[in-house]
Structures are given as C-alpha cells and as structure tokens.
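You will see two complexes here that share subunit A, one where it goes with subunit B and one where it goes with subunit C.
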Partner chain A sequence: MAEFTAPDYLTALPEIFLAAISLIFLMIGVFAGNRSTKLLTWLCVAAMSAAFIMVLAGSHSYSTTFFGMFVSDSFSIFMKCLVLIGAAVTLIMGMGFVKRENMNRFEFPVLILFATLGMLLMISANDLIALYVGLELQSLSLYIVAAFRRESLRSSEAGLKYFVLGALSSGLLLYGCSMVYGFTGFTGFDEIAAAIGHGGGDTHSATAIGILIGLVFITAALAFKVSAVPFHMWTPDVYEGAPTPVTAFFAAAPKIAAMALLLRVLLGPFHELLVQWDQIIVFISIASMALGAFAAIGQSNIKRLIAYSSIGHIGYALVGLAAGTPEGVRGVLIYLAIYMVMSLGTFACILAMRRRGQMVEKIEDLAGLSKSNPPVALALAIFMFSMAGIPPMAGFFGKLYVFLAAIEEGMYGLAIIGVLTSAVGAYYYIRIVKVMYFDKPVESFDKPIGMELSSVLVGTGVVTLFFFAYPTPVLEGAQAAAALLFP
Partner chain B sequence: MIIETIVFYVLAVVTVAAGVMVIAARNPVQSVLFLILAFFNSAGLFVLMGAEFLAMILVIVYVGAVAVLFLFVVMMLNINYSELRAGFLQYLPLGAIVGAILLAELILVFATGAIDIHVPEVVAVATPPADEVSNTRALGNILYTRYAYLFQGAGFILLVAMVGAIVLTHRRRVGVRRQKIADQVARDSKTAVVLKDIKPGEEGSWKSD
Partner chain C sequence: MTDWPILSTVTFLPLLGAAFILLIRGNEATVARNSRHVALWTTVATFAISLLLIAGFDTTTAEFQFEEFTPWLPEFGIGYHLGIDGISVFFLLLTTFLVPICIISCWQAVQTRVREYMIAFLVLETFMVGVFCSLDLMMFYIFFEGQLIPMFLIIGIWGGARRVYSAYKFFLYTLVGSVLFLLAILFMYFQTGTTDIPALMSHVWTPAMQTWLWLALFASFAVKLPMWPFHTWLPDAHVEAPTAGSVILAGILLKMGGYGFLRFSLPMFPDASEFFMPFIFALSVVAVIYTSLVALMQQDMKKLIAYSSVAHMGIVTIGLFTFTGQGIEGGIFQMLSHGVLSAALFLIVGVIYDRMHSREIAAYGGLVHRMPVYAFVFMVIMLASIGLPATSGFVGEFLIFVGVFQVNTWVAMLGLTGVILGAAYMLWLYRRVIFGELTKENLKSIKDLNMREIGFFAPLVVLALFMGIYPKPFLDVLHVSVENLIAQTEMARMGGAEVVADLVPDALAKVLR
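So, the complex of A and B:
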C-alpha cells in the first residue's frame, strides 16, 4: 500500500472551521431548544465573520489540497467573501421576520450555515465529485429552508417544486459528469484540462464529441442553478412562495456560488472548448436578458418581479462570460458583487413592507411611500435606479464593464441587445419609483422597521450610491481573480 | 467459461423480466417483490464481473433498506393505485413519440460513427491488480485517505437530510403521552407499588393515585 501523507488542512481552514462550528451550533440548538434561535443567529453571523477573516488572511496564491480536489486562489477568495457577506447580511435582516412569522426554530440559522458551507465547497471545487458534493450540500439545505414555513401552503409548494426541479438538474449534472469522466478518464479539473488539451481540442475526434455532450449537460445543470433561461421556470414560484428572508438569501448567495462554479468549470477544464460553449452562453445570456425584461412588466407581486429581474441580471453577467476574456470575467465578478449589494438592499425594503403586523407584497402597496416613510422610499428608489443601470448608481458600472468587454471582443449584437433590454427593464424599475413618489398614499407601513433592517438599508444604500467614489477594492479583487482563470 | 455464459444469460434474462414485471404488476406489493428479485439478480451479475463489494452493497442497501421501505410505504399508506394509474395511458402516444425520437437520434449518432464506443485507453488510473487486493480492501484503502474530503462532505449531506426531515415533519402534539425515560428510571417501588388489603368479596375498593 502506498504511503499516505496527510493533506494540507490549512488551505481549507475556513471550511473546516465552519463545518466544525456548525455541528457545535446544532448541538447547542438541540439542547437549548427554540429559545436559542436569536443567540444562534448571532453566533452564525459571528462564525461567518470569522470565516471571512480566515478567507482573507489565507494565502492568495494558487494552492490545492485534499489531493487536488480543493483549490484556493484569488478567484475563490473573492467569491467566498461575497457569499459570506451575503449570507451574514441575510441572516441579520431576517431576524425580525423569523421571530414574528412563526419561523422561530433553531434549525433555521444552522441550515443557512450548512448552505453557506456547501457554497464555499462549491467555489473551491477542483474535481467533478467535489463539485457535486458541494452543490448537493448547498441545494439540500436550500430546499429545506424554502419549505421552512410548513403551515404555509405556498412555502411548502415552493420547497417541493424547488426540490423536484433541483433533483432533475442534479441528474443532468451527474450524467454530464459521467460522460466527461468516461471520455477523459479523469474527474480532477486539472487532469481533464490536460486530457482535452492533448487532442480532445480537435473537435472531430470521437472523444471530443463525447466530452462535448457531457459539457452541454453540465452547463445546462449549472444554468439551472443560476436560473438562466431556459432553465429559469422554478425561479418566480420559488421566490414568491419561500419566506422573504429565504428569498433574499436565494437571490444573494447561491447565485454567486453557482456562477463561480460555472466560471471555474467553463474556464478551467473546458477552456480549450471555448468556441463550443461560447454559443451556449451567448444564447442563454440573450434569452435571460430578454425574458427578465419582458416577463417582469406584467408582475404585480414585488417578490415575483425581483425574481424576473434576477433572471435578467444573470443574463447581463453572462455577457461578460460570453466575451471569454479576462476583462469579461472581471466584468462578471464586478457585476455579481454589485448585484448582491443591490438585491440585499431591495429585500431589506421588501422586509419592511408590513402593515398592521402583516407582510404585504403587492407593488401598489408601495403607493405614497415617499410621504409615509421617506427614508425607505429613498433607499428603494436608489436600488431601483441602480438595477435599471442609471449612472452614477453602482448598477451602471456593473453593466458598463460587461458591455465594454463584449464590445472589445467584437460582440456588438450581444451588447446592443443588452442595452435594449436594460432600457425595457428600466420601465418596470422606474414604475416602482413612480408608484412610491407620485401615487396617492395608501395606509402607511408599520414603523419603526427595526435596527437590523435600518442598518442593512443604510449600508447597502450607501455602497450602491457611492460605489463610483471608491471602487478600488472590488475592481482590484475582481482583476486578480479574473487574471487567475486565464493562465 | 460456458458455465459462466449460461449463468450470465440466466441472471440477465431474469433481471430484465423482473424489471418488466415491476411496472406491469397490478398489485404494488408484487411490484416491490419483483424489484427485490431484480436487485438480487443484478447482484449476481456484479459477482460475475468480479465486483463483489458492489454486489453486497446492492443487496444490503437496496434490498435491505430501500425495497423494505417501499414495502412499508405501500402497505401502510392506503393509496388507491388503480385511481393513480387511471389517466396514465393518455400520455402513451406522446411518450412513444419522444421515445422514438430519442431512439432515432441514438441510432444516428452511433451509426454515423460520430461516437466511437471503443473509447481510447484513458481509463485505469492506478488500479491495483485485481488478484492482489480485494474490492472491499481497495475501496477502504482510498475511501478514508485519498477521498476523506468527499467522505466527510457526503456525511454532511446526510446530516442535512436528517435535520431537514425532522424540521419539516416533527411537531409537538398535545394530548400524547410521551415517554420520559428519566422519570421512569427514577421511579422505585415506594412510589410505584401500593399495597392494599382487600377483603374477600369486596370489589373495587381501591383506587390508584
């Protein structure tokens, strides 16, 4: 038997820490009962912050561990930071909702922590099996939190629908992985890249077609996870049915992790096949932008509207990937960072939409918000202008970078369609602003909205409004991360 | 060699026939029993291929746990299967068309030689010689060393599944006598047993407390 050398555990320190501490939290919850929900939520936020520091303090150079299955580099660090921020902020935002709306069970924060752990594993996956394990850990936790309000029919429906369709996409993913494994003989990303580089790049050989079929299946499954058209159909129903803090979490963290996975898989092992997958990405990017713009127009429920808007945003982000250049990927990363901040802020506003203790979700409920609650109305207006991509809000810069990358690559068609659909999208974003500022006021929302929500609103609002003043950390992080994927 | 071939065909034919019966049987209990038959025969096929570990796992996991669970569900839930199947046949034409298209595509792919089923020699990454190490031993050697990361990850997935099942289904019912082990253990004969003198011929003269 071969000599066994222990892997380097330090590289995976944040993940190991989160895994160990989540088990401890689970035990605390089991013994202390549902009284400990609030304490556990804060503990989970603290654990995520600690993991955030560990991620940042870790080595920024490329290193693998666990026999090449786990990779840590500047790309994974950038993505992990985003995911951890998104998860921690949604936990803080959701605290009031969890307490009021009969979701006060200690498993909730712990499940979010498990999902976050799964996302970190996804981002660091350097092997098809590791990819699958991370993805399943994340998805399973998400199915459960989507159905968390089991006395609510819509929440159960959302959970079940997400579960069935998610299982289907996992099946597609596994099928694609088995094809790739069968035709290359490896599951590790580095080895697959080498195998494809050695002759699989020649698309006429029998092997290359087998790999291509696998690649198409894997791309389809990952497109499902980022909810890109035509694999988006679960998004509106799940976003509408799931409890609002869970929807906020869905919109922020898992999308970023799945996008990181998509970038790493396509630009890592399958980089040689760029010409092949580029067509797929261009198609799903255009389809997502168009559907996100046109389908959102008729919506009256704000959560559903944000669901369509998130489909559109994924389309814009994919424009950068379609360009297939370091600048394009940098654009994707910047876009994701800005998108996460905007959607967190928007959901903080949605969580503030309570009237006489009841959550309301209709757009017309926002009428006259500028009179009844000017700060929230101002914040929501900032987020809506930013999502529409109006300068000088952050959202404008996100779009600017991806479209610039597409134009540099000569993809004028893609860029033009992107600009046109964002003009269509601007209509429904600005309609919300119009409803808030010019419609006749209806009954005011409950005040005060609570410390947690206010601080999240202020934080995300300031970042969205003043991103242009100090964009350096995001730009530099994205630059370093993108450069790494193009050796 | 000839015996091996005969055994293979016997096992294969029974597997396929049992598989057909799983969907053809009217009684769901019979379906499950046929499923178990199919599992046993596939286990036999694995043994023929020299994969004894997979064969054992198939029997233990699928027959021992999954199929028995099916049986429990089928027997305990009173589901009217004939009602469930009622509208089933109306999807047949559509299903047949989809199946025919897929078959035609597969034939096209293989007939034109676009995919060579005799894949190049890419497999065999450090496979230990089969006569030196048994299946089980070889798997054990790498499962807890090289693949420890994935093993732990899979463990977390199972934990989440368990937590989820509890979160989504467990509820506290009122009016149910719950077992309190500590109380039961703490009882002794002084509090649990009461001695009463009952005179012959007298009925119901004692009350429990």
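So, the complex of A and C:
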C-alpha cells in the first residue's frame, strides 16, 4: 500500500484561507451579535482582497493538488479574480441597503463569503465530486441570502423558488455525473477525458451513448446555473424578489463561476465530444439571445428587465463557447469580465433608486433623472449604451470578440442572429436612457447616495467608458486563460 | 511634413472642450454662457487647425497624407491609424466648418440644458471628424456607430413634439444597418488578419465574397445615406431634431453613407459594385423622382427639405456608381455642395421657426416685405439647391450627368426629371413663403436677420457661390485621388477573373443549403 503523501496545500491556499477565516468570522458574529455586521462586512471584503492577492501571487502554471481533484492554472486565476472582485464590490455596495432595509444581520456577509468560497472551489474543480461540492456550497448559501428578508413575501418566495428549482438542477447534475461515472468508471476530469479519448470516434456504442446522456444532463444543470434558455425561468422572479444587493451578487459572481465551470467541463473532459455538445450550446445561445432581447421589452420593473438582459448576455457569451476555439473562449472571458463590470455598475444605480427612504424599482421612477441627479443618470446611460453594445463603450468590445470567434468558425447564421438580437435589445436599453433624459422629471431620489455607491459607480463607469483606451490587461489575461483550455 | 499630429488634434480637440465644459461651475446662467463660449471657441479653433490640413495638402499624390499610426490592439492587428486623402479632406473640413455655425445658430434657440447640449455637439464633432480620417476599419466603425449616442440625445432632448419616436427610429434604423457592417468587418479581418484600410484596399476578394460583403456594407450605408426605400427615418428625424441637429444630420451624417461607398464599396468590392450598378441606379432614380414628388406635397418646411435631401443624395449615388471620373468627382462635389446648402436651408427654416414657432408653409407668406435680407439669402441658397449655373449645385449635377450619359442615357434622363421637379418644389416653396401679400397679422412685426444670423449665413452663401463660380481648387484636390480610385477599381477588376453574375446563384444556393 502506498505511503500517504500530504497534498500540496499551497496551491489551494486562497480557498483554505477563506474557509478558515469564514469560520472565524462566523464565530465573531455569533459572539458579538448583529452590531458587528458592519465590521464583518469590511472584514469579509478584506478577506476577499487578501484571497485576491493570494490568487494573483500564486503560481500561474498548471498544477493540481488533492490527488488531482483541485486544479490551479491561468484560467482559474482569471475567473477567480473576477469572482472575488464581483463579490467584494457587491458587499461594499450593499452596505447601506443592508443597514436600512432590516437586513442588518451578521450572517449576511459571512454567507456571501461562503458562497464565494464555493465559487472558487467550482472554478478549480477537476473532478465531478469536487465540482458538486463546490456548487452546493455556493448554492446553499445563495438560497439563504435570496430569502434573507424573511418578513418580505417576495423575498421568501424568491428564495423558495430558487431553492426548489436549484435542487432540481442539482439533481440533474448528480444524475449526469453518475451516468458519466458509470460509463467511464472515473470521476476525475483528466481520466474521463482519457476514457472518452480511448473510445475513439465511435459514437454509437452503448458506452458512448451513456456518456452522451450524462453530458446532456450535466450541460442542462449548468445551463440552469448560468440561467440560459430554456432553463432560465427562475431568473426574473428571483432577481425581482431577492433584496437588491443579493440580486447584484447573483448577476455578477455566481454567473461567472458557473460559466467557468461550464467552460472547464465542456472543454476539459468532454472536449472530444465537441460536435455533440456544440449543437446544444448553439441552440441555447440563440434561444437566450432571442428571449433576452424580446422578453425584456415589456418589462416595467428594472430588476426584471436586468434579469432578462442577463439572460441575453449569457447568450452572447455562449456564442464564443459555441465556436469551440481558443479565440471563442477568449471572447467568452472578455465578455464575462466586461459584463460583470457593467452589471455591477447598473446595480449600483438601482441601489441609488431610493425615494424618501423607500426603494423604488419601476422604470418610470427614473423619469427625468438626468435633471434631478445628473451623475447617476450619466453613469446609468453609459451602462445601458454599453450593454446595448454601442461603441466606444466596453460592451461593444465584449460582443466584438465573441462574434469574431463565431465568424472565424464560419458560424455566420449564429453571428447574424446575434447582431440582430442585439439591435432588438438596444431598444429596451435606450428606453431607459429615454426615460432618464427625455421624460419630465418626477420627484428626485434621495441624496446623497453614499460614499460606497458613488465610488463603485465612478469606478465601474470609468472602466466601461474608457475600456478601449487600455484593454491590454483583460485581453492578455483572457488570452492566457483561454489558451490553457486547449492543450 | 511636421511631426505634430494635426489629425489627432483636430479629432480630439472638441472632446477636450467637452471635458472642459463638464468642469464649469456656477449657477445655471453662468454655466450656460460659459458653455456656449467654450464650445464656440473650441470648434473655431478646430476649424482653424483643420485649415492647416488643406494648406499643407499635396495635390499631386493619391497617397494618404498626415498619417499617424500607433498600435492599439496589437495582437489583433488593429491600429490607431489616421490619414486623409483628396476624398476625405473636404468632408473633414465641411465638418469642422459646419459645427461652429451650428453652435452660433443655437446661441439663443437652446435655453435648456445648455451644458449638455454643447457637450453632445462637441462629442459628436469628434466622432464625425474621426469617421473621415480613420484609416482603420475598426476605428471607422467605432466613430461611425458612436455618433448615434450624441445624436440620439440631441434629437430626443431638444427636439420637437414627436422627438422620442424620431430619436428611436433614427437610432434603431441606423443600428440595424451597421451591425451587419460590423459582421462584414469581422469577416474581412478574419480573411486578411488586419483591419487597416490601405492594406485591405490591396486585397483582392473573390467575387462571391464581394457580393456578400458589398451587401452587408450596403445595409449600413444605404440607411445612412439614405437611399429609397430605407429613407423613412430621415424626414422624422429632421423634422423633430433642433435646427442645429438637422444641420449636422443633413450636412454631415448623410455624407457618411456616400463616403462609405467611396472608401469601401467601390475600391474594395469593384466587381460587386459593378454587378449592383443597375440596382443602385434603379433605387436612385426612384429616390430622385419619388421623393421629389413627395417633397412637392409637403406642408412642413423641414420635411420638404428632408425629402429634397433624399432626392439629392439619390443623384449623388447615381454619380458614384458610374465609375467615371466625372461621375465620381461630381458625386463628391455634390455631397459637399449639398452639405453647405442643406445646412443653410435648415438654418433658414430655423430662423423663422425661432421667431414664429411654426414650420408650416401655410403659416408664412410675403416675408420679403419685412425681411429683405432673409429673402436674399433664401433666394441664393434656393437657386443653388436647384442647381442654377454659377452656384455650387450646378457644378456637381453637371459633372454627375456628364458621367451618367456615358454609361446609361435612360438613367441620366430620369435623373434629370428629378432635377426639374427639384426646381418645382423649391421655387414653389419660395413663392409661398417669401412672396405674396403680407396678410397674416402675426407676421407684421417679424424682424429681419440680426447680425448674428447674418454672421453665420455669410460664409455659407459665399461658399455656395464660390464653389459654383470657381470650383477648380476643390476639383484639383479631388482629382488625383479619384483617378487613383478608378485605377484601383480597374485593377481589382482585372484581378477577379470570374464574373460575379455567374457566381451569385452559386453563393445563394450554398447559403440555402
């Protein structure tokens, strides 16, 4: 029997650090009670920043640990950086809201930290079991924060809906995993890839069909997590019902983590089956873009509108995955990075929509914002034009890189549908600009909006507006990360 | 040649002005006054610097001049590449010339949100100048598309009663056209590995590719130009936009469609351009005759001028697609002339609109009795627009029809019908507004042009006459570049051995399969 060798803990240092410190924070919270919420929030942000530095300082070369279950490489580094930024920024933005809206309980920042930890584990998963554990840690924390305002019917409903449908998708995922395990005999990604590779191009043997069925289940479950059509039904309700900082968090971090997982699973163990899963991805990409564009038109609640718009954005990101090339994946990564910044900024604006202490969420409430609060209106206009993909905003470049990959692969149909739906989508984005700039002002929002929100707004706005001037860090990071998935 | 990056200065100086306006502090009146002044002086300075371009322009070469190049997205071969040739230099000058006039013209007309208004105009100027001097397709697209944002806001915030509808229509129409253009750019990039315009011009495309790329570009430029039947956004946008917005729309934005055809469609896809020549001729002839007839029946002055713009641009496209030196030079000259004239016409409407707040033709009559100077300005511009000899309109139209006669007599004949109709609606408009008895009570106290208004009409009137009496300086600059364009087209056509006509059904079949 082989000697037990201790795994290389250093590779997983950020995760180990976060796991340990979140337990400490939990203890602080338990003993100090709810008055420590503000302190804990800042501590969580500090912990995320520390983890961010650890991720960046860690080795950029490919390394696995915990017997091949955990992987760290430039892809995971890129994605983890995004997730950590997204999580930390949403915590900062949400502080004012948490204090005002009766959410001042110490569990909130700690749960977000747990969810973030789960996401980091998902991104680094190199094994079906590790994948599932990471995903569940994330999901369970998210179910709770979605229903965090117990006294609010809508919030509880959102949490319950998210829980029931999330459990269903976890079931699908487990089922798919067990199929794959059953037909290949492995749970490790590398081994599965090798086993599928051994099967050669034979797609009609019982084994190949079994694996394929497993793959379909896994893809469906992950499509649920990224809220791609036709697994998107939960998104509008949960976005609308959940407390706004939580929605902001949903829109930024978990989407990115789930997308990372989708990329890693499809391009890692199932790379050989590209022809098979590509059809699924092309379909859900087109369906998401179309639904995102058309369903958002009739919305009057801005959170619901953003929910549909996020479905559309995932559709655009998936265009890059459908191309199935390093350029395509690079496009996906760039798109996700830009999308995260835009959506954080948009939610910062939504959090600023407060009138006499009450949050308002109707699009009409924005009327005349350009007069009553020009900076916020300008920022929101920048984000809307960016989401619509109008140059020179950042969103244009996101779309550019995914469509470039699609064109290179000769997927003209997909590219044409994509740009046309983006033109349809532009309609509802500019509707928000229209309401803010062309309509008669209604009562002004509460001022000032607070230091935290203002700094987030300025930061995300500047990045979105001036992305074109210095895109190199994102491009190079994405390039390195994408190259890694294609050995 | 100096090392000083004149083109970058001209492009980004307005943006600097906009940033400066953003920093102005004080109460509303101070901000408004200072914004106006900053905007005016920035645009005047931009115009002055852009004059250096024509002063230092070498008319003997068709090469791009004042070139600037910096890598921007090096891993994609996309660079920050600026430069001008004989074709673009006048469009650039037209832009820098018209923007200060716009700023002066709305000195008093715009009283709300002056700061934002001036910022929007300055940003728009940067984008417009950028379009004409970009030598990289990606940059061209960014500038081309970016101007939707300020224009959307200008129409939507400061426009008339149906401004929201018009702003949407303008935005979405143009956007749908340009996203297909974007795909074409991506395809071209994928095929050649670069988006550098001079490099792409030397690339020879197979006829089948040319057809599709040409159509994608056509979708964008035909909407922008606008060609019949894609013109319906234009009358709405023009009518609802504030005067200065209409001036920019008619004077410059429309020219970008024509410029796009000249810069991309003709030299890069000559086979396709030739193949689609009858198609363009047909659309143009319909545009010229149909929109002229429509213009004849308009009750609204701005709408009438908007339709006349569509008709004039129809004549331009006829000229561009003749592939003859006269036709193309005439087309460019006509665009420049129309830039000056349509700008002047919208300002003429703006002047009485500011006084009476009505654009209805029926609301006026007999203005000559109270406004002789106005009547004179209107007359010169109106006659130039009809194309009377010794005005700028004549030179362009004459050259175009000389070109067209060599290619297709029928097109020339039908096109000329449009010119006659043009004379009809313009003269009739003039008669109804200016002549007759001054019977309407509220017009009896209307004031003639003030010094500010004379100030911005004078350069336009002088230019309209100068371009008509002595067009040589303009044509000299154009000549070498146009010759080069035609040579390029010929050469590329030699390169493509097969005829497009045979390949189109194949390409269609391939797609359908």
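The rule is simple: the second predicted complex is superposed on the first by the 484 of 487 C-alpha atoms of A that agree within 3 Å, B and C clash if a C-alpha of one lies under 4 Å from a C-alpha of the other, contacts with A are read in each partner's own complex, and residues count from 1 in each chain.
FYI, contacts are C-beta pairs under 8 Å (C-beta built on N, C-alpha and C of every residue); 3 or more make two chains touch, one makes a residue touch a chain.
Note that the coordinates shown come from a computational prediction; the quantities given were computed from them, not determined experimentally.
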First (subunit B), second (subunit C), both or neither touched by A:392: second
Which superposed partner A:111 touches (first subunit B, second subunit C, both, neither): first
Contacts of A:67 with subunit B and subunit C, given as first, second, both or neither: first
Which superposed partner A:216 touches (first subunit B, second subunit C, both, neither): neither
Which partner, subunit B or subunit C, touches more subunit A residues: B
First, second, both or neither for A:4, with subunit B first and subunit C second: first
Which of subunit B and subunit C A:137 touches, first, second, both or neither: first
First (subunit B), second (subunit C), both or neither touched by A:186: first
Which of subunit B and subunit C A:437 touches, first, second, both or neither: second
Of subunit A, residues touching subunit B in the complex: 1, 4, 7, 19, 26, 66-67, 69-70, 105, 107, 110-111, 114, 117-118, 121, 129-130, 133-134, 136-137, 140-141, 143-144, 147-148, 150, 159, 182-186, 195, 206-207, 209-210
Touch list for subunit A against partner subunit C, complex: 370-371, 385, 390-392, 396, 400, 403-404, 407-408, 412, 415-416, 419-420, 422-423, 426-427, 430, 433-434, 437-438, 468, 471, 475, 479
Sites on subunit B touched by subunit A in the complex: 113-116, 119-120, 122-125, 141, 145-146, 148-150, 152-154, 156-157, 159-161, 163-164, 166-168
Footprint of subunit A on subunit C - complex, ascending: 73, 75, 113, 116, 141-142, 145-146, 148-149, 152-153, 156-157, 163-164, 167-168, 171-172, 175-176, 179-180, 182-183, 186-187, 189-190
